[in-house]
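Please find the structures below.
Two complexes are shown next, each including chain A; its partner changes from chain B in the first to chain C in the second.
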Partner chain A sequence: MLEGSFTVVDIVLRAHDLVKVYGGRRGQSQVDALSDVSIALEKGKTLGIVGESGCGKSTLARLLVGLEAPSSGTIEINGHLVQANEHSARRALARKIQLVFQDPFSSLDPRMTVEKALAEVLKVHSLQTNDAVARIAELMAMVGLTARFASRYPHELSGGQAQRVAIARALAVEPQILVLDEPTSALDVSVRAEIINLLVRIQDELKLSYFFISHDLSMVRHISDDIAVMYLGRVVETGRYDQVFSTPLHPYTSALADAIPVPDPEHERSRQASGSDAVQVQVDQVTRGCPYAPRCALVEPACRETAPALTETSDGHFVSCHVALRVASRRPTDPTMSDAPGGDEP
Partner chain B sequence: MSRPLLEIKDLHIGIVRRHGNDEIVRGVDIAVGPGEKLGIVGESGSGKTLTMLAVLRLLASPPLAVLRGEILLDGEDLAHVDDKRLRTVRGGEIAVVYQDPMSSLNPLMPVGRQVEEALKAHGATQGFASERTREVLRQVGLADPERVRVSYPHQLSGGMIQRVMIAMALATSPRVLIADEPTTALDVTIQRQILELVSSLQATTGMAVLWVTHDLGVVASLVDYVAVMYAGRVVEKATTSQLFERPTHPYTKALLASLPGKDSAHRSRLHQIGGTPPDPTRLGVGCPFRVRCPYAEEKCAQEEPALLDRGRGSFAACWKDPSQW
Partner chain C sequence: MSESTTIPPGSDEDVVRHRGWFAALWHSRDGRRGVIIVGVVLVVGLMGLWGLTPYAADAQNPASVLKGISFSHPMGTDQFGRDVFSQAMQGLGVSLEIAFLSVLIAGVIGTIGGIVAGFLGKWTSAMIMRMTDMMFAIPTILFALAIVTALGFGIVDSAIAIGVPWIPIFVRVVRSPVLALRESDFVRAGRVLGFSRLRLLWRHILPNVAGVIAVQTSLTLSWAIVAEAGLSFLGLGPPPPTASLGEMVNNAGSLAGVAWWTLWGPSLVIVIAVIGFNFLGDGLRDTSDPRTRTR
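Presenting the complex of A and B:
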């Protein structure tokens, strides 16, 4: 949720106006991978980030964990400004936020056993307790791996087992936040549910906060508390998972929600062809106005002139769309909005 | 089903070794008629990709080889056609869209020219090829087909590249289109548009489509029939609506149950199948799913069932009728 919502919440990470520009040197064309992205992650909650390939969700992940520095904008963790430009600062950051990649095999060293891979993390972060062996066993148990896996090499693991190792390695530094970049996309369908169940369980046990980045919308809806929808480097809609997918305001979100594959052919066949003419637009094609305008079924002249700002329409539900905002402003104000203490919080 | 356009009969594919072969595709029967859409669903290692490669005789041989079986295109056995005929079949009568588009294109050539090359390889003149290229690039919904035509692969996004690959496959007006997970890397709205595009082309040309995927959800919307593969065999065959309404193989049932549905409670525990897909070279006797199957009984360890008729067009390789589950 963004600032401006009435709920008092414990924010563990807040990104403010993040911008990332690539290129632009020596006459190269410039690509705005991220434009003014502001997001906030609540403690113990999951923020799902959805959008098509090229929308900037992986760039955002890289900025959040400090793999790259933003061109401008700030990231705060627990209220402290992150400055990942120094070696020691980066290491301190890594203790708080860890990234789990899509393909576990390419993120594990093929020449290291599970035990060694975990021991290495403890060593790098000087977490060598008296009993590293016990700590490794504990980490493995946490992700549901029995002791016999300790001596295995990555090629001796299945995709699901390897992803468990990658998660254990991320947990080794006792981070507060995990950035999960498509954590199940490279896995067999029959083991995806296991990894999702595991992520939900360790989140509850360890009070972790997650960024869950995925294009699998049904999985995002299943696991996320809040959702941010990205389009061409911008957040175009954000809110609680049920707000975003049940009452989407942005036409792009509607198109996405409409296109979620449902394992039910009757539902699929009755589905109307969605209004979105799904032509993919290149980042550098939009120079002014709303970036979604070229694809939008509801486009108006104003959309091609000025880009809409991300604006709150109801409790915690933000959208950047001229049409949606006009429709929302005509609705009578929801009386429960400011009165309900804690909003969706228990 | 009308007379099949592409028919795979009792296909066995193995790794050929000096001391006997390891069979990894073990007797696949699949048929698809003109205008029909068949989904082939399976996890990695189930043999779905090998089966598709065998259709075009593209198996890495050695060590892989077709051990037994027939592949018929409109009655013509593709195992015995000469190289010249094979070249007209590949990419001409049977076109394939692969899952990794970036590695399928030449990085040093504008993509439009690559589509033209494909057409010229199948006998088109330069004039026709360039006209047809423009036409198909437009058809696949690219925003600026003229710009894409002269672009190099690295200048295009993954979604655009995949559209180019689909355009290239459709350019020769194939009779059979094999799509091997072509949309996994794409945004769902783009996926849907490509699926609708293929369906509409199919309606006008009578093209048969084989949609290979690991994602049952994707299959739901776009195919008429589904063949579910597991450990080198088809374990269930059904119409799409029957498959979802009344799965007759425990594996299919478990796969469907593991997906978060529209009605499943938020953050509730998803159904886990347990275990891992088997190593296709170490199957042993009996049903390969039995170790993960909640309904397994003694018989399952002794003998592997053939596809049994379960009524209403469903066939399952399982000893137990779903009513006994």
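Presenting the complex of A and C:
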């Protein structure tokens, strides 16, 4: 995961201290969309990025694919620093990392048929120029579309089919990394599982690495190896998926884990009784201290004074929470912390 | 089950057919009306321009002065015995020539300005938009008067006088969809895919504003015909002996009491041409989106 990790892993993308600030010029109010976000993606693995609306997930996605430049901080792909300010550099970056958008219809040009959209990508990158038709058929087959969809416009596709086309278009440049920005949120529930299964299959076949961005933890669970929980532009907890969600350290992670719907009425009743509060905190309201303090059930005086740093508690498991860190340091090796923050309400 | 297999191959829904833009236009109610009327107007206007009129437009005939509507003179004759229909044909031809030329000026400059203002940075955009604001501040007729006075009364001068005030309208009409498209997901996707700005502009943004441009062109043509008639009504059109619709209306003003056809003939031609281009514009608006073109 992060630099402190003991296991030697093959890191395909590493973002270091990414900061993105919007506004702040000529009296505009300044918004810190991302504050010191550091993440690392292992080759062939999936890093799930979860958090509520406005936590900076999509900003992170835009920075990763080079749509926007970070205010400070660096992104490395295969150890090479990414600088996407020139067109040639942009083209080179495009071959490494691609983005799949939330809304498949708006991400496809309404005036281009499936075939033309795929052919354009091949043409721009001079790929398979002598046999583009076969490559297009191959790409479509890869995402489970038959050839008869080639002549269709986006509006003649279902949401799931359109998302398959968007995935095929991203795969056309043979990237190593896909950033999946809530790829299933705009789809019918019945289609979501198909798309997730498709993504898992493609990952195996092509040895891709994924960023899977979502607010839907039940989706993240199916696909993620690692997970980073974001809150107001910061990573508050990160680690292996099972690590993070079996023993959530940060109270926000606990609240998220509690919010996963479980098809059991008894569970539902107890969940509502514990009731994590739903106060929305704006990014610009937090000036100092822990950004989660205004919502936190376990808040202490220290939380309002100093922001906790992201600190490793066990192998690869990082958290930024004063309370969690104190509890973890008391019992560093016990994986079943009964008094994990957020578990019981005072 | 994969949704791609929900429609069995070989069924009617197997292959989706698309109409070309003209076929789609023909199949829309307004579009077909517009195509027919504009087609007739263009043919009649061109015949008038090339002198293919029933009588020479300026041929005077003292034997048939102020004759009413008849088979030989479908719009009657004027006080010099000239055939009103032949004059109107020539006037329509000149009107169309000026209208197309002025819309070409306004459309090309305005579209380029709108795309640049929408796609490029804040500074360029602000400059172009302030310039259009300045042009909006000048009354159209006053501007046309100034240009015609400065340049002269020829066809190109009239076209400039009528076309230039329409540039800012094209700029605005084109700029706003370009602004929206620039921030759309599919243009972002294109940037992520490494497409050049020129490609995004030419292959993705322009085709998606083409419908807007076509509609605006058609509607501006109808306005340009009215504007040209207005200028020549004020005596600022092409000088005699070239017939022009506005001048004919002006001359007929004093005759309307005794020979109503001298006023109605050219007025009717103006109205038909304007209605035709309006129908065409509405038809283009309805069919310019491929979403409406699936059979």
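In this text, the second predicted complex is superposed on the first by the 325 of 346 C-alpha atoms of A that agree within 3 Å, B and C clash if a C-alpha of one lies under 4 Å from a C-alpha of the other, contacts with A are read in each partner's own complex, and residues count from 1 in each chain.
By definition in this document, a residue touches a chain if its C-beta (ideal position, glycine included) is under 8 Å from a C-beta of that chain, and two chains touch if they have at least 3 such contacts.
Predicted model, so just to flag it, every value in this text is computed and none were measured.
In the superposition on chain A, A:Tyr241 makes contact with chain B only, not with chain C. In the superposition on chain A, A:Arg152 contacts chain C only, with no contact to chain B.
With both structures placed on the common chain, the touch criterion links A:Gln30 to neither chain B nor chain C. After overlaying the two complexes on the shared chain, residue contacts for A:Pro294 are found with chain B alone; chain C is out of touch.
Using the contact criterion defined above for the overlaid structures, shared-chain residue A:Ala255 touches chain B, although it does not reach chain C. Of the two partner chains placed by superposition, only chain B is touched by A:Arg192; chain C is not.
When the two structures are aligned on the shared chain, A:Glu52 is found in touch with chain B, with no touch to chain C. Legend: residue contacts after superposition of the two complexes on their common chain; A:Gly160 is shown touching both chain B and chain C. For the contact definition in use here, the residues of chain A common to its chain B contact set and its chain C contact set are 158, 160-161, 191, 194. Across the complex, chain A meets chain B through its residues 51-54, 158-161, 185, 188-194, 196-197, 200, 215, 217-219, 221-223, 241-242, 252, 255-256, 259-269, 271, 273-274, 276-282, 285, 294.
By the touch rule above, chain A contacts chain C in their complex via residues 65-67, 87, 90-95, 98-99, 101, 103, 106-112, 120-121, 124-125, 144-146, 148-149, 151-153, 155-156, 158, 160-161, 164, 166, 169-170, 173, 191, 194. Across the complex, chain A is touched by residues 2-5, 9, 14-16, 18, 184-186, 188-197, 199, 203-204, 207-208, 289-291, 294 of chain C. Residues 43-44, 141-144, 157-160, 163, 184-193, 196, 214-218, 220-222, 240-241, 244, 254-256, 258-262, 264, 266-267, 269-274, 276-277 of chain B touch chain A in their complex.
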